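Just below is one structure, and these are the notes that go with it.
Chain nomenclature is as follows: A, B, C and D, assigned in order of appearance, with residue numbering initiated at 1 for each chain independently.
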Amino acid sequence: MVINIDKVTKSYRVGSGFFLHGKKKIFALDDVSFTLREEEILGIVGESGSGKTTIARCILALTKIDEGRIEIQGRDIQSASRKEKKDLRSRFAIVFQDPPSNLNPRHRVKNSILRPLLLRGVSPQEAKERALEAMEKVKLDARYLQSFPHELSGGQQQRIAIARALVLRPDVMILDEPTSALDISVQAQILNLLLDLQKEMKMSYIIITHDLNVIRYVCDRVVVMYMGRVVEMADRNTIDQHAKHPYTKLLLASSPVLDPKDREDKRAVRWERRRMSTSKRPVT
Amino acid sequence: MSDLAYIFKKNRYLRVGTIMVMILLFIALFADFLAPFAFDEANREARLEGPSADHWFGTDEFGRDVLSRVIFGSRIALRVAVLGVSIQVLIGVTLGLISGYFAGVTDQVVSFLADLTWSLPPIIMSMAVITIIGKGLDNTIIAISIVSWAQYTRVVRAKTSSLKNMAFVETALAYNEGHPSILFRYILPNTIPSIIVLVSLSIPNTIMSTTALSFLGLGAQPPSPDWGLALSSSILYLMNAPWLAIFPGMALVYTVFAFNLLGEGLRDLLDPRLRAR
Amino acid sequence: MLAYTIRRLLQGILLIIAVSILVFSMLHLMPGDPVELITDRKVPPDVKAEMKRQFGLDLPLYQQYLRWVKNIFRGDFGISIRSKTPVASTFRHRIPVTLKLTGTALLVEFLVGVPLGLWAAYKKDSRFDRAVISTSLLFAALPSFWVAVMLIMIFGVHLKLLPLSGFSSAKHYVLPVLSIALGGIAGMLRMTKSEVLDVLNERFVFTAYAKGLDKRTVLVKHVLYNSIILILVMMFLSLPWIISGAVIIENIFVIPGMGGLLTQAIINQDMFVVQGCVLIISILTVLSNILADLLIAALDPRIRVSMSGGGN
Amino acid sequence: MEKLLELRDLSINYLVKDGALSAVHQLNFDIHRGEIFALVGESGCGKSTVAFSIMRLLQGNEVVDGEIVFQGEDLLSLDEAKMEKIRGKHIGMIFQNPLDSLNPVYTSGSQVAEAISLDEKDKNVILEKVIKLYESVRIPDATERVKSYPHELSGGMRQRVMIAMMLSRNPQLLIADEPTTALDVTVEAQILKLLRELRDDFGSAILLITHNFGIVAELADRVGIMYAGELMELADVEEIFHCPVHPYSKALMASLPRITKEQGRLKTLEGTVPRIIGEFQGCRFSNRCEHAIEECFQRKPELLEWRPGHFVQCLNKEVLHGD
């Protein structure tokens, strides 16, 4: 078990100004529990507002949680000391959704990749070697190290972001919608690359996405989130073929098929869609 | 064609503005060589003489050469630009970064102060400051600057608070980057283009306001060759010596126009959506 | 809307309190003792001490402030050391003059600048557009006080068409208003043009065309209306500059408004007058800003929501 | 089937820094009455430019050549007044981001009413019709929602309002430019269903512009695959998905994640889309094509009927006649 998330709750107060300040409380995460195992690819799927991105921020201790525990290799990150937090964080790497905002537009690619290493006290010489190695792993020519992000395509930018994650030799990579801004053929490149790297470097992945087709292709297990809660958690085939929770079924039915022959199959679950759309977001 | 050449070819404002500002810099730098007389060299024999071969712009009530005074006045204008804008940038950018990055109470206080100075008439407020710190050119520059930093704060604050939620900043935090480093390596460099545009747009405003205060007798004091001061003493001689009002005024218009063009050009180039007043 | 109005009013009151504290502290930030400032050197020390007590200068600062505010509410701004008359009575005549001057200038800027800007946007890249925009760039570089001097020279001294000082008839308005508004018109014009061009590129303009509206309707209902809101915002943002311009111009044309008074008072170190002028001009500015914001909120539903605490 | 819209050699060039950028090149296809035609391609392939050129809503720095024939009339030769009569009445359009698509300062209902008022003057009839339209696009609580401003509605609701607006004048053709991008999966499914019903109930043809093959598989009857401004293949949706012929279509289909990682690997496409300024020699896909032969680099292929109703633009005979 690499990560163990146990009954985590995180809420935000919304509303600003004199009258409404902090009156509404919205649960971004509500009693969320799941685990990430060694060398596993775990998919977290949900729609906007389901809390799937908040989870990533909590695991990295970029934000505080209200209740519960997040254990990383047996250690609680939220209550860890600064130094320990740094140490725990260094086993993670993160790749966010939007390729252009993933890299500092004012830094050369080289600086973006070397920075996390230098921060960890790796010698410049070794850092450089590791950067070259990482560029090779993501199949990019080393000359791109001298480029600025805006000179690269979306797919290349995302490869750079992955390379920056790789130099750290992490145990876990958190990927937040890694391909949703990319064209379909580029998406395939990135997904293949991620799968190869995972095998080669024996990492675990958490892939956060709204795209069930991506989940189906790469993930071993799936966590389905809805309005801050985990509504279903199972291995990929079970979710795909024997989903139990009505929301999972709705999601499966809504997810666009990639074959026109499958169109008709989905009509059956329409009643559930209607039922779900009448429920409201919980606000206390 | 290189990118720079293309930019200058396409961007007329930038092209003309750059040339005009360069000319101004040249005049200010080589004032000693360009001016036929010293700015305070009075000739009692030649008072209030019209433009002539000896005195292209005529002479003033003390018989001083107006052309020379206009040329030396450019140094004052540039001094105002450099000193005034530096103060504004220093105050405005620092506060903007702080309030944008560390939301909460700090942000509310700074934003309130910025809104306050932003919504009050700058000349009045700087006049109030002058009552406290006293008259004089440098005091005027200080007074103008401490009432006009707010536009920097507003712009930098907005940029900072959107930048700090960008993926690359979050990633840096996850890779254990410290807050000072986030501010100076990640956020500040990305606000520089906007700051450059603001600088070029606030230079003409600062020069105009300072000149206005000198015109009212609160800024530069005689015998300074300040253009505003020259204009204010010209009023008495409007009837028989109009050149006293025309030439220093035109120098001021040239300077403001040059920086306005440069600012417009830079804005088109660097940050087309930015608005300043 | 009500919540927004209340919120905006509270904000305004807070701003005014902040300004009043600033203005109040002016007296104490000045080098030297306030009593020394307003009395002759010949006045014996015990009289000065008595005056101090009388003015409450021996009280703690916050009490002095409260006392000062209370006096202002009663219309007592202190006594001018120059004219030895109550400051308030001078203000009564001078405030309307400045209001009229700035109001007229603002109106002229709006009525001339906005239509020209609209036309330039509509005829984008035409000869008219280029001529108007180049001229406006030049006009924006004209300092109001120089324009004033030039106007006096041309219309007053040489042509003798218009009066050069005072503020008693409509004719007296022409030159001062022109001096203030010329630069403002240029700014308003260019701003209007760029706003309209921005709105023209908005997706909802495409929608309006896509549903079959004719060009005229699209331009008036969807482009003009939306850009007018933004133009109003900008116009009121320029108000502090117009007032600043008015202060300078009042001096040149010897107009009996707040600006002339303020300048003289600063030169004469007439403290109470300076305090009063700055306070009143600031309050007027803050009030007109509030009015403007309410007007804009009434026109634009997004602002009502985003500022009254609802929505995200 | 009756042809509703025909594109004849449509070419669109953008005037840019270093010349004329070819966004669309000699495009030919028809849309039939009542069908859903999908124009698919990756970002920058020119599909949106085609949509805006049909509506004659391009920005003005483009050079448009060819013909866009709608019900026998060339739209490109019409004057602006006549074009205004076509927009909305005969051809409607919905856009990618439904927040930007509605004017923020008017209520959603009044913007729909504005469209209706072009044909109907009675205020009460208009209001009734708006409410009815809201109900027909499944906006709950229609009488109240007509008074809502765009920012008070969710993304899905706004797109429904857009559809209601475009439905209101019952056009024969609706252009949907990435209608569900930025919407959640479940909302997307609802909007797609609505579009399908729109065709079924009103008989409108839909030109669907998208990069998302999921939506194509869900909705389209026929598909045109665009690459670098040209049509590479055009066929029925089943044919495109099950027996694509063009190497580009094949590569795209093989890159769709329709399998699990245990079942195999996704195919990828190396290289990048060329940026074409001025004249271009040969097939625009040749530099990335596995089957490129020498001729591909010298001559532009034509879009030819490979099988009845299935058109392919390729020069390699081996590709066309199967391996």
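Here, a residue touches a chain if its C-beta (ideal position, glycine included) is under 8 Å from a C-beta of that chain, and two chains touch if they have at least 3 such contacts.
Values in this document were obtained by computation on a predicted structure and should not be read as measured data.
S.K.: Could you tell me which chain lies farthest from subunit B when each chain's centre is the average position of its Cα atoms?
M.R.: With centres defined by C-alpha atoms, farthest from subunit B sits D.
S.K.: Across the interfaces A-B and A-D, which one involves more C-beta pairs in contact?
M.R.: Higher contact count goes to A-D.
S.K.: How many angstrom between the C-alpha centroids of subunit B and subunit A?
M.R.: Chain centroid spacing, subunit A to subunit B, equals 48 Å.
S.K.: Please compute the C-alpha centroid of subunit A, do the same for subunit D, then give the distance between them in whole Å.
M.R.: So the centre of subunit A lies 31 Å away from the centre of subunit D.
S.K.: Round to the nearest whole Å and give the separation of the Cα centres of subunit B and subunit C.
M.R.: The computed centroid separation for subunit B versus subunit C comes out at 21 Å.
S.K.: What's the distance between the Cα centroids of subunit C and subunit D, rounded to whole Å?
M.R.: Here the centre of subunit D sits 52 Å away from the centre of subunit C.
S.K.: Of all residues in subunit B, which touch subunit C in the complex?
M.R.: 112, 115-116, 118-125, 127-128, 130-132, 134, 204, 208-209, 211-212, 215-218, 228, 231, 234-235, 238-239, 242, 245-246, 249, 252-253, 256-257, 260-261, 264, 275, 277
S.K.: Which bits of subunit A are touching subunit B when the two form their complex?
M.R.: Contacts found on subunit A: 57, 60, 62, 86, 89-90, 92, 94, 96-98, 101-107, 112, 115-116, 119-120, 161, 164, 168.
S.K.: Applying the document's contact rule, which stretches of subunit C touch subunit D when the two form their complex?
M.R.: The touching residues are 202-204, 206-215, 221-222, 225-226, 229, 299-302, 305, 311.
S.K.: Quick check: in the complex, which residue numbers of subunit B touch subunit A?
M.R.: 166-168, 170-177, 185-186, 189-190
S.K.: Across the complex, what residues on subunit D touch subunit A?
M.R.: For this pair, the touching residues of subunit D are 42-43, 184-186, 188-190, 192, 211-215, 217-218, 220, 237-238, 241-242, 251-252, 255-261, 265-269, 272.
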